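So that you can tell them apart, the chains are marked A, B, C, D, E and F in the order they are listed, and the count of residues begins at 1 in each.
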Amino acid sequence: MKLVTAVIKPHKWEDVRQALEAAGVTGMTVSEVSGYGRQKGHTEVYRGAEYDISLVPKIRVEIAVDDADVAEVVDAIERGARTGRIGDGKVWVTPLESVVRVRTGDRDADAV
Amino acid sequence: MKLVTAVIKPHKWEDVRQALEAAGVTGMTVSEVSGYGRQKGHTEVYRGAEYDISLVPKIRVEIAVDDADVAEVVDAIERGARTGRIGDGKVWVTPLESVVRVRTGDRDADAV
Amino acid sequence: MKLVTAVIKPHKWEDVRQALEAAGVTGMTVSEVSGYGRQKGHTEVYRGAEYDISLVPKIRVEIAVDDADVAEVVDAIERGARTGRIGDGKVWVTPLESVVRVRTGDRDADAV
Amino acid sequence: MSSLVLHPAPAGYAPVLAIDSGTTAWLLVATALVLLMAPGLALFYGGMVRSKGVLNMMMMTFGALAVVVVVWTLVGYSIAFGDDVGLGLLGDPTQYAGLGQLLEEGSNGESAYPLILFAMFQGLFCVITAALVSGAIADRARFGAWMVFVAAWTVLVYAPVAHWVFDFSSGEHVGGWLANRVGLVDFAGGTAVEICSGASALALALVLGPRVGFGREPMRPHNLTLVMLGAGLLWFGWFGFNAGSALAADHRAAVVLTTTLLAGATGTLGWLAVERLRDGHATSLGAASGLVSGLVAITPSCGSLSPAGALAMGALAGVVCAYAVGLKYKLGYDDSLDVVGVHLVGGLVGTFGLGLLATSAAPTGVDGLFYGGGLDQLGKQLVGGGAVLVYAFVVSGIIGWVVDKLMGFRIDEDHEVSGIDLVVHAETAYDLHATAGARSSGPFLGTPRKDDA
Amino acid sequence: MSSLVLHPAPAGYAPVLAIDSGTTAWLLVATALVLLMAPGLALFYGGMVRSKGVLNMMMMTFGALAVVVVVWTLVGYSIAFGDDVGLGLLGDPTQYAGLGQLLEEGSNGESAYPLILFAMFQGLFCVITAALVSGAIADRARFGAWMVFVAAWTVLVYAPVAHWVFDFSSGEHVGGWLANRVGLVDFAGGTAVEICSGASALALALVLGPRVGFGREPMRPHNLTLVMLGAGLLWFGWFGFNAGSALAADHRAAVVLTTTLLAGATGTLGWLAVERLRDGHATSLGAASGLVSGLVAITPSCGSLSPAGALAMGALAGVVCAYAVGLKYKLGYDDSLDVVGVHLVGGLVGTFGLGLLATSAAPTGVDGLFYGGGLDQLGKQLVGGGAVLVYAFVVSGIIGWVVDKLMGFRIDEDHEVSGIDLVVHAETAYDLHATAGARSSGPFLGTPRKDDA
Amino acid sequence: MSSLVLHPAPAGYAPVLAIDSGTTAWLLVATALVLLMAPGLALFYGGMVRSKGVLNMMMMTFGALAVVVVVWTLVGYSIAFGDDVGLGLLGDPTQYAGLGQLLEEGSNGESAYPLILFAMFQGLFCVITAALVSGAIADRARFGAWMVFVAAWTVLVYAPVAHWVFDFSSGEHVGGWLANRVGLVDFAGGTAVEICSGASALALALVLGPRVGFGREPMRPHNLTLVMLGAGLLWFGWFGFNAGSALAADHRAAVVLTTTLLAGATGTLGWLAVERLRDGHATSLGAASGLVSGLVAITPSCGSLSPAGALAMGALAGVVCAYAVGLKYKLGYDDSLDVVGVHLVGGLVGTFGLGLLATSAAPTGVDGLFYGGGLDQLGKQLVGGGAVLVYAFVVSGIIGWVVDKLMGFRIDEDHEVSGIDLVVHAETAYDLHATAGARSSGPFLGTPRKDDA
């Protein structure tokens, strides 16, 4: 099993979700995060004082998948999330030693 | 060392925390996430327009543990989080190469 | 590649960011989390009823780095985040199998 | 133009009066101010619940507002202010049904203000009283059941009680028993509004039972800025409530405004002092709660106290209510937002305290025990307060029980845990994230799904 | 003091009047109440957009307030209430330019209130009407362009329409054609405010085009507590708007306040009933929307209905508008916050409905079809409503088009996706996190960067 | 009924007056409006701090409200409006102590309104002034110390200054030196309220020192919708503040309302214009700030300007204050929410600007330099403004210093970093998460823990 983690632009979430659905992914965990990178933040002004906001809003998606499906899943994310402009985000893959479905106690491939 | 990550129902957090405490876990990191899976979201209605909210609120718990304690910790989470209804969540385990306690610089087993 | 994850005190974020910048890190993903550990939360009082808030606000930073840079990055985080008081946080390192830059499809070292 | 009418009913033996523009101006404003108390209360209560129930909390106030206004127009005003049909218990329900009778006649020659304005002013008192009740049943009441309860309660509880307390006999008009026979002094509704709402709230809390997790799970206020804003709007509106009850723009109204301001201030200080000494911290929720406690206690007594008396009354209420809100944990009833602890207890403090602190130098001209008036007025206050308490508790309990049997008053436990806003109103209050909206699919206008609610 | 003036213009043939303190007190308050509708509207609208556009939404109201007040003072009031320069279409724009003329003369001997107060009261009507329009162009309008639009629109659309509808001839003063020649009854602005804003909004929505993602992406309200608060403030302020239009503190004002209260209540119930039956849930946004719908429909008719008529009018408006807001998805125009569905449609319901439901027992003394008045008044209402609708739609469209050509009315698509608050105002509304502020570097006061806006 | 009294003090030589219902109605409302400015200010300020300090910010206003009302009743009103005890510096502190004297006498035969109402109206001016001061010491003041400061400051700073500025001699009553001997014109408190609060704020900011991280860490407003709402409520309330100061419902009040409306509008536009040109963006915080700046400057001058003058005054204040708020970064004092930049500077603009722009056609009947009045009035304004500035700064500084020595005015640095709401009030303002409450254990009513505060 692997854990695929993707950090994407918020307004691409719906596209990524659909691409993943097409790739057979039925479950995932999503969170709101902030990104720091080439894509710069913005400046806000309050009573003439300027504030540099260096972080930009992103969405992180985590998906536990069978080893066999990793390539397809990463591919789906790339397709869904790409705009070609700076800040499209990253996908990374980490090894998973085990996965459990809490409701049933099912393990690993049965658990996702 | 391993990293145990659990995605659970928000109102089971207190039960999980107690089960973990009973299992000797003294530290963890918690975040608010959204889940997508078999448990369906809900529909909201605004001026007659319906919106499908596909994500449901979840809590993610991350715990760095000694290899020896993994089974017990996963077990405690399962016990605390299980309601037997769809959406109880997942637990997954990833390998950790090292852990550092920032305050002291302690490493690995000493750090958690 | 490795994934370095740091959980730090919120008001040390700016120091950590600068230390990381000095260490050559140009990208990272940041999120708001809550910590549970030796550092205790606080008590809130509403109409005489006391509530124990066991969680304390933390910031989590995730950085994908080349294997060679791991030590330096962990070091930078320790330097930036340390106050010497309880609750300074943890840093942990997990193996990464691959990293992709969504915009270009670049992989691994080229992707961060 | 100096005031030409006696409080609070038209003086039938007075010479025929023309409408006075100053008095009318003040009553127009006072009526608007009492209306504003409704959103004020909605915010005050809404901020105090968890974020998953704030909309339902606000809807109970807005819903009560809509229902009461209609029912009051159709029949409530007649029951409260129509000619008594016997024993001072009830006005003639048909006399002003629909209020069409008040459309053309500005004044009956006995009031310096338009009577239809008086009807609206009084109707909004009923609105506020009903809305107050909802605080006891946060997070768990079916909205439809609440709306039905409010309609029945307006007719069976509030309107009769208002007749007892507020309908003064004059000329050929015979009014209610507490005002005219007992001699209860209740300037702006310590019994009819505060005790009545508190007793009704207690009854409903018992009918519905405690929230899932009551006393075990934390249920702390989700947004204290709303609570503070709501408290501010309430204080502002309360000037209309109390000083508007003078039914004239005169010295008496000015005195009432003064006592209302002072008691709110010392109510705040009283509650904060208890907190500081008992818990170690003075909280903002405490400030808002103390403020409201002081205002509750001054409501019946605002026309009967000197400035010093008002300061004392507010402080007393702030201190007593700060302790009273803890009762529910001891006794185990889930009066979620402390309608009992603040409105019932505060209403009793004000109604009975008037029997002690009243001075005849104040507009109502009554002396309490401490001002040499003996126990006479205190006795009247005890009768009035007690009668309203018992009546409101019993009848509200019965209505609540019947509604529960007929249609079910409470939502499912599952739904309660998920959050009442989502389940009953298909809404969530906030979506503040940077990624707002990114997480759902778009609007769809088609076949509706009918779920619970 | 009973009312001495006829609504709504000074009665030239009346004896010379002194200023009446009661009437003046009420008009001072009514003017303040109408001002409060501006922040009320800003919250009502602001809560309904996504969190990335709430500040812009509020700024469009505050900006309109500032611009209109200035333009109205300089020339708007003169165009609206100056002596007619021909055909009842326009007042003399120079007559009261700058309002200096009203500084010294309290009353012209024909009004019981200071004329400068009347000028401010009416000016704030223009503010509210302008601000209403902004609801149609949420999230996508350049702020500078909006400010220019509002200035031109005040002069070219609102002021003439106000002249037509609100400027009654009296003595030597000749007023507008709808009020005096056609005999339109519009007590507080069903045509001049509601239909005018709705038609202008539709025109602007068409000029700017739909938001990115309209009808596909979800754009749900980000903060419904703000919406409810805004609705509450609007209702409160509306008492000043409608009952202040009586221009006296008298029985007529009291009747108007009554109908305003009742129609708001049944508007709420009407909309909620539709939701409950159609969608299965009664929502808080529905309650707020129904309330406003009822108030919109009662605005023209508040002086012409019995209490029963007001209940019916509100309910009708609530039901009709609950359906009307769905139109935009069918027809494809992005009237973002339903100015058309609520204000145009509600305004038509009230303006035309008056032709059916008016009773001569009410202050305006007109009978509608159902009260034996035949089709006469209905015809006048159709002419008035239709004329204002067409004029406002066409001229607003032209102004919008010209502004777009001259300076560009719409922000870039990229900026719209990022969020208009950030790009146009360099601000974000909320920073509520425990780690607030931890994520940006500190204040810097130096060389400004000029971006888009 | 036309106004029968001269502003602002009772005219002793006038015939014995009865209370006028219209005037009383207006003063009742005006008093309520000034009360509403307190929650308005609490929101305005509360929205501007970081989320970890919003409750403390609001509590400083609510706390000031409670304390001032009590102290004002006990002694403050007497010091301000009692018979002068010498040199026009101080009223007799015992004359009206407790206000019991005003309970029975409606009018002294010299006022058309109840005197007790005047006492409350003026007391709320003191409340607002005190609350304004708190903006300078956001996030770092011990609550108990603040409450003590406010009590002392009411007696030692505000009440004497109010005597100087607002207490007009009449009949046998001798008032303060600035009003009667110098001839300062300050209609509604440019000196007593604005300059006084600004100077006191500067003193306190210096006594407490800057926040941890001032000028380095970002401390941006956490909720701009609260700021906008607060600004809206302030404008609404300011009508009562300024036009209520006419102490009559007459033409003069109408003129004052007009100038107040106009200056708020151009204040907004002035500040936005500076931002647009200097920073490239017109912000919502700028709109709110400009609005308040305009209102501050019109406060002293609202009775002295023509409409055109009011437009100019507002614009001037908006522009000047937009620049003035940057000063603190240059000079290094942490006037957290710009009480100096907005209230002190804006107050000076209005007080001195009156010497230039006043026209005798306006109610106060004074001509400024530009209207042919020469330097005479400007000189008086300089004396009045300067005297209040120096006195308030020095005495507030001394009180602050003493409080600091006696009990410590500032919280620990650690606590400041954690957040003052948590540490001092044991509360956090918001818990908006879907998982609200899931993260803490339940209520517990037992042994209190006493921490800092």
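As a convention for this text, contacts are C-beta pairs under 8 Å (C-beta built on N, C-alpha and C of every residue); 3 or more make two chains touch, one makes a residue touch a chain.
The structure presented is a predicted model; accordingly, all values stated were derived computationally and were not measured.
Novice: C-F or D-E: which has the larger count of contacting C-beta pairs?
Specialist: D-E
Novice: Among the chain pairs C-D, C-F or A-F, which one reproduces the interface of A-E, with more than half of its contact pairs identical by residue number?
Specialist: C-F
Novice: Can you compute the centre-to-centre distance for subunit E and subunit F, using the mean CA position of each chain? Integer Å is fine.
Specialist: About 32 Å separates the centre of subunit E from that of subunit F.
Novice: Can you compute the centre-to-centre distance for subunit B and subunit E, using the mean CA position of each chain? Integer Å is fine.
Specialist: 51
Novice: Where in subunit E do residues touch at least two different other chains?
Specialist: 1, 20-23, 25-26, 29, 217-218, 220-221, 223, 229, 249, 278-279, 281, 283, 285, 326, 329, 426-427, 430, 432-434, 439-443, 445, 448-449 - these are the residues of subunit E that touch more than one other chain.
Novice: Which positions in subunit A are in touch with at least two other chains?
Specialist: Subunit A, residues with two or more chain partners: 11, 14, 30-32, 34, 44-46, 48-51, 54-55, 94-95.
Novice: Sort out for me which residues of subunit F touch subunit D in the complex.
Specialist: By the definition above, subunit F touches subunit D via 1, 18-29, 31-32, 35-36, 38-40, 42-43, 46, 54-55, 58-59, 62-63, 65-67, 69-70, 73, 98-100, 102-104, 106-107, 113-114, 116-117, 119-120, 123-124, 143-144, 223, 226, 229, 249, 424-427, 429-434, 436-437, 440-443, 445, 448-451, 453.
Novice: Considering only the defined contacts, which subunit C positions touch subunit D in the complex?
Specialist: Subunit C reaches subunit D through residues 44-51.
Novice: Enumerate the contact residues on subunit F facing subunit E in the complex.
Specialist: Contact set of subunit F toward subunit E: 1-3, 20-23, 25-26, 29, 33, 50-52, 213, 215-225, 228-229, 231-233, 235-236, 239-240, 243, 248-251, 253-255, 257-258, 261-262, 264-266, 268-269, 272, 276, 278-285, 287-288, 291, 306-308, 311, 326, 329, 359, 361-362, 430, 432.
Novice: Name, in rising order, each residue of subunit D that touches subunit B in their complex.
Specialist: Listed in rising order, the residues are 217, 417, 422, 426-428, 439-446, 448-449.
Novice: Can you tell me which positions in subunit B touch subunit D when the two form their complex?
Specialist: Interface residues on subunit B, with respect to subunit D: 11, 14, 34, 41-46, 48-55.
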